[in-house]
Amino acid sequence: MSSDAKAATSYEEGLKGASESVAEFKEKKSALARLQHWLHMTPSAVPMIVLIAAVIIFGLLSPNFFKAMTISTILQQIAIVGILGCAQSLVVLTAGIDLSVGAIAVFSSVLMGQFTFRYGIPAPISILLGLALGTAMGFANGWLVAKVKLPPFIVTLGTWQIILAANYIYSANETIRSSEIAEVAPALQFWGNSIQPGGVKVLYAVFLLIAMVAVLSYVLRQTAWGRHVYAVGDDPDAAELAGVQTKRVLIQVYALAGLFCAIAGWVMIGRFGSVSPSASTGQLGNIQSITAVVIGGISLFGGRGSIVGMFFGALIVGVFEMGLKMVGTDPQWTFFLIGLLIILAVAVDQWIRKASA
Amino acid sequence: EGTACLITKTDTNPFFVKMKEGAEAKAKELGIELKAYAGKIDGDHEGQVAAVEACIADGAKGILITASDTKAIVDAVKAARDAGVLVIALDTPLDPIDAADATFATDNFKAGELIGQWAKATMGDGAATAKIALLDLSIAQPSVDVLRDQGFLQGFGVELGDPAKWGDETDPRIVGHEVTSGNEEGGLKAMETLLAKDPEINMVYTINEPSAAGAYEALKAVGREKDVLIVSVDGGCPGVGNVKDGIIGATSQQYPLDMASKGIEAIAAFAKDGTKPAPTEGKAFVDTGVALVTDKPAEGVESIDTAKGTELCWG
Amino acid sequence: MTQEPLLKARGLYKRYGKVTALNNCDFDLMPGEILAVIGDNGAGKSSLIKALSGAVQPDEGEITLEGKQVHFASPLEARGHGIECVYQTLAMSPALSIADNMFMGRELRKPGIMGSLFRQLDRPAMEKFAREKLTELGLMTIQNINQAVETLSGGQRQGVAVARAAAFGSKVVILDEPTAALGVKESRRVLELIRDVRSRGIPIILISHNMPHVFEVADRIHIHRLGSRLCVIKPGDYSMSDAVAFMTGAKVPDEVAEAA
Amino acid sequence: MTQEPLLKARGLYKRYGKVTALNNCDFDLMPGEILAVIGDNGAGKSSLIKALSGAVQPDEGEITLEGKQVHFASPLEARGHGIECVYQTLAMSPALSIADNMFMGRELRKPGIMGSLFRQLDRPAMEKFAREKLTELGLMTIQNINQAVETLSGGQRQGVAVARAAAFGSKVVILDEPTAALGVKESRRVLELIRDVRSRGIPIILISHNMPHVFEVADRIHIHRLGSRLCVIKPGDYSMSDAVAFMTGAKVPDEVAEAA
Amino acid sequence: MSSDAKAATSYEEGLKGASESVAEFKEKKSALARLQHWLHMTPSAVPMIVLIAAVIIFGLLSPNFFKAMTISTILQQIAIVGILGCAQSLVVLTAGIDLSVGAIAVFSSVLMGQFTFRYGIPAPISILLGLALGTAMGFANGWLVAKVKLPPFIVTLGTWQIILAANYIYSANETIRSSEIAEVAPALQFWGNSIQPGGVKVLYAVFLLIAMVAVLSYVLRQTAWGRHVYAVGDDPDAAELAGVQTKRVLIQVYALAGLFCAIAGWVMIGRFGSVSPSASTGQLGNIQSITAVVIGGISLFGGRGSIVGMFFGALIVGVFEMGLKMVGTDPQWTFFLIGLLIILAVAVDQWIRKASA
């Protein structure tokens, strides 16, 4: 009885001649409007503005701050947090959290060192083994999150403790000294080498960090896999229904995070010279990397933010710490002021975003 | 017979790990069961209170404890003693010291003072214009942290402010204090920061040897490792090795294995017939001694060389 | 009916704690047909197609595709068998763009080495395609093709989801209330699109509350009531009024009345 | 028209980055009338009512309620003025129950000391009320009144939102596509409900794509196109076909053509 | 032209006589089905099952575990974490996180102590002032989250640092001794008193914790305010649109959390006897309370879970720690096993939930 259905929709005759052009409105074109629009489209630029402001202020407050050496010191101080931040960013983009990043880094560095010194394995092979084991630790996290469906916070809280404890047990808390490493296995210290353009030392580790940020940024924006990472974090059910292999993506993300942490562990050897199971990164690496990620504008609820933002986030913290220490005196007051500045930085960031919305 | 508990500040610092090994060896020898506990971080006295409670619940005969907070732990210790458990403070005296049945410890102020005196003598006239970096433990300023720092400054001839805390001295020779968590990573970062503040630093005090090793890496990175004097505390084998290699100028050696084994012996004796150990003559505690280890002895400061130091080192 | 159903289900049950969503439900989709599924709100229509497309696992019952028993553990597996679905909740990533969502899981890569080695997405191509599909649906109000889906209007968002399914379905296309949020013009286009897809030989399951539309395009109508199939009718045999009476329980269809 | 509009807007603009949602838009709601708002998907209907109800702040333009200029910083402020709104996104807390959602912000407390001092909720009363309202809407398929809203079917969820607004609106009730997900029976009940509310003297703004329904209940029809009001017509003066032609740009209404 | 509209909907005549009864299906009534259904309706019971299993296992492993004294020791050990967990639960239910809970607790205890000993203020007034100041710190968190719209992670990371540093600076790192407090200001140690039914000591602090959990549980389930807390965490935009004063609720929640932390600070004095600015709760209280919250089944994304679950979560951790200490020997192995057990506990929890779904 298709005819009474036809009658019921007879008013659709009015559609004949409906407009077929895409809606357009004239735009405001003032310089301010264009800046606003650019910020709206490029939210990772906002922390950059905060960063530049901080640098200028500290430069005015402390005469030594603007020296090339200070800047290069800051960069080398954030190298490890930055690499851990890459790992953390991936995980946080999937709406997860990884409390074990620092522990994986420290344990991987210990494994690389002990493989060489305890069993006499050639350093390059020890390094590869260390990287592989770091990846495996990340994989274990991913498997528990994706397959057993446990909350990432709990999984990585557990593996954080497990890995750190394993690290102490396996290493018997013994430090491998820098001079021994330099002699026997310089490859372990590779990332501690530097180039010195104009007398200013820049560690290989700094270039590594920048390269990692650049590559990851490309991968996240320009490849299908990157889009899937965002989709999984944005709404996992929707991603699943839309045909993303959410479990596989999650496992890959955590495993990759593990690899990055192991790379950070290798970098730690170069940077600190020695291999020490009690490096503070094991305890603090998680909170430091999460801080960089959040200041950089990545949402802890997943799916929003960029790795470049994380890089600026790490830099902001590095600049604040160095700047305050150069200006101030007492570590307790420095600690106090860093807390204040972090809140302020994000408040300014928020304010710029609002103005540009 | 019976169990003993060892409660350390943490179980990550090699110092405590070796202490535990010493205690274990002795306990085995004397046929005592040893259970070890540790705080989660340095300064975790709450974890130590929980450990004391677990020991009481578990019916231990004696407790060896390196207190994270010398005053805050006192009530828990009292509860243990009331329950008939022998409590011995190791490494760090309680406040008041008689809160424990006995104390086997290093005199941490003296440990600092020794390296301070040595540094002053070694620098000679330069000491008057020295630029000093102090690499401390943590901003919570636990008692070892304060005692060593203040001992060093006193030994070096710097006028102290409040001796109960570091950081309030006004002597212009002090470039600054930074905290290190007592490891290489912290030592390196702290040194880098202080160097950015004043690249001319030539005297570095460090809370312990791992942080000294970190500081050395930072100095090496800017090519200043040869003209800076580093002093430290602990006397662990890697630390003594670093003294021998000229990385650390001098370190004050402590004897944690002694503390531990003496502690276990005391518990064994107590378990047998209730005797309690007596303190060193003239002191309120059993001083397990401290020795300055250096290959460049300075006049007027007693020291041993690294050969002897290696013989006595712990781990 | 000598023809074998392409997609068939028998005795499906799905319970959520106290709530029963599917209650001994049967289902048949013939090759090349447009099958409408109608029923009250909460009758279990969405639950049925979720079970068919792997989005939920039924507690009991079996499903066969082309005569073979299948068991889809996820929508991805169903999609692997050519079943494409627009869910009522649309299944889009709110923070991602229209093109990103449209191509989610089957992105286009740049030609040449940038695509093969560096796996770079071909954004211009994806955006062009997305714009074309939206224009086909008459969605002319989308000004910025890079807009995040969460900022689209309700109808625009639904349009994107429908365009996606129609563009990619290969064996069965399932549409759960595809025109609910759409305007008059856009709804009409979706109906045309449905006919288009069928003319490619692909059968379609259409869930809708719009009776005139259902009676206009459907070959057969599956009437769902209280978690199971009440009956299947042909639009030529009954009036819209009858269908409404069946699905709301106002009347009982003859077959059912006889059987009872 | 000598009567003053109850709710009036002039020259509203709302832009999101590149996208223009409202473009110099005017609006008038007369006391006691049912005003329908129709327009293409993405025309800006939801943006308009969000601006009227305080859910978004327009970039420019002014709004007056009963002749006084108002500026609502939040929906709560608008509600304080008696404006009740069912948003297209429904605005419900997914994990909370039907009754919790229905009474959100105006919960009932137990009588006596349990309510006054211990501030205990009167759950039985709230659940009973919720069940009654849903029954009025013909939503008989909700088996468990304590179900979390996220587990409801699309239509059931919409029904809860509509029931909420209708039960509590006091000055203006705004419904953004209230029947989009509803079945035949439930939609019919909503239309009855709208008439009910009007008979209480409360004016209603109804956004809908369902032309027969709009022409059946509306006193006046605001036709929205490209972010602004194209014209306002009376259902008696024009056919549905005309209205569709106006809103899709197929025809230009006389007044506008003259003005141009 | 209402007539052509009428014609278009003429098929609605079919509605006459539509069924008017609520849908019903017959239910399965087996015992298992009923257990399943009960678990489905009472998700906070799941951690309880895990807890009971853990207690039984440790009881079998260690002869001393089943003594009344062990149980009472566990309860007193979780008193502080439990109270901080109450604070944390409220915040997490709003989809926030509070890293400053431990710092507020420690600083409040220091303030109470110093007010009495430094300025000679009578203890009860010092306590009230301490509670007020703790509430103020929480209020500051809430204000920054609700009004300045900063991410809770950043806000409380900042205030954590600020409060801890202020705590060290203000107290000059000085511990106030238990014996002095007992003499001069016993009110400070109130929660350390105990009743001893049958010789087993039960601290007042334990009763306080249980009372707080009971009251909060009532407030969250049975009052409008409680429902609003859930709504804000579930979907803040929806809650706002539905007419909840989200900002006010957020500020209240954080301020209340501050008050609870200050109460925890007061309890700390009773439990440890002394007032110590370096109490590790300042550093670890946040992660411990978040752990209890997450193990207890409260979602970090907000809006789901119960305070009773948190209580069981804290108990599970307490039982694991005590049990392992009594069974095992080496602290690193204890840490290792606790990590493992936490993951296991949540995996079992997840598995029971799935089976009961």
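Note that the chains take the letters A, B, C, D and E in the order they are written out, and that residue 1 is the start of every chain.
As a convention for this text, a residue touches a chain if its C-beta (ideal position, glycine included) is under 8 Å from a C-beta of that chain, and two chains touch if they have at least 3 such contacts.
Model, not experiment: these values are computed from the prediction.
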Mutual neighbours - chains that touch chain B and chain C alike: A, E
Longest centre-to-centre distance from chain E, chain (CA-based): C
Label of the chain whose CA centroid is most distant from the centroid of chain D: B
Averaged-CA centre spacing for the pair chain E and chain D, given as whole angstrom: 40
Chain centre separation in whole Å, for chain D relative to chain B (CA means): 72
Distance between chain centroids, defined by C-alpha means - chain A, chain B (Å): 37
Where chain C and chain D are represented by their mean Cα positions, the distance between them in whole Å: 28
Multi-partner residues of chain E (at least 2 other chains): 4, 8-12, 14-15, 18-19, 23, 25, 165, 168, 330, 332
Where chain D touches two or more other chains at once, by residue number: 17-18, 20, 42, 89, 140-143, 184-185, 211-212, 226, 239-240, 244, 248
Chain B residues counted as touching two or more neighbouring chains: 11, 41, 139
Interchain pairs in contact, sorted by label: A-B, A-C, A-D, A-E, B-E, C-D, C-E, D-E
Chain A - residues contacting chain C, complex: 1-2, 4-6, 8-9, 11-12, 14-15, 18-25, 222-225, 227-228, 230-231, 234-235, 237-245, 303-304
Chain D residues touching chain E - in the complex, by the definition given at the top: 55, 74-76, 79, 85, 87, 89-96, 100-101, 104-107, 109, 118-121, 131, 135, 138, 140-143, 184-185, 188, 211-216, 235-236, 238-240
Parts of chain E lying in touch with chain B, wherever the complex brings them together: 64, 67, 69-70, 73, 76-77, 80, 165, 168, 172-179, 271-281, 283-284, 321-322, 325-326, 329-332
Residues of chain A defined as touching chain E within the complex: 4, 7-11, 95, 97, 144, 148-151, 153-155, 157-162, 164-166, 168-169, 287, 290-291, 294-295, 299-301, 332-333, 335-336, 338-340, 342-343, 346-347, 350
Complex interface listing, chain D residues touching chain C: 16-20, 39-43, 45-46, 88-89, 139-144, 147, 151-156, 159, 177, 180-187, 209, 211, 226, 244, 247-248
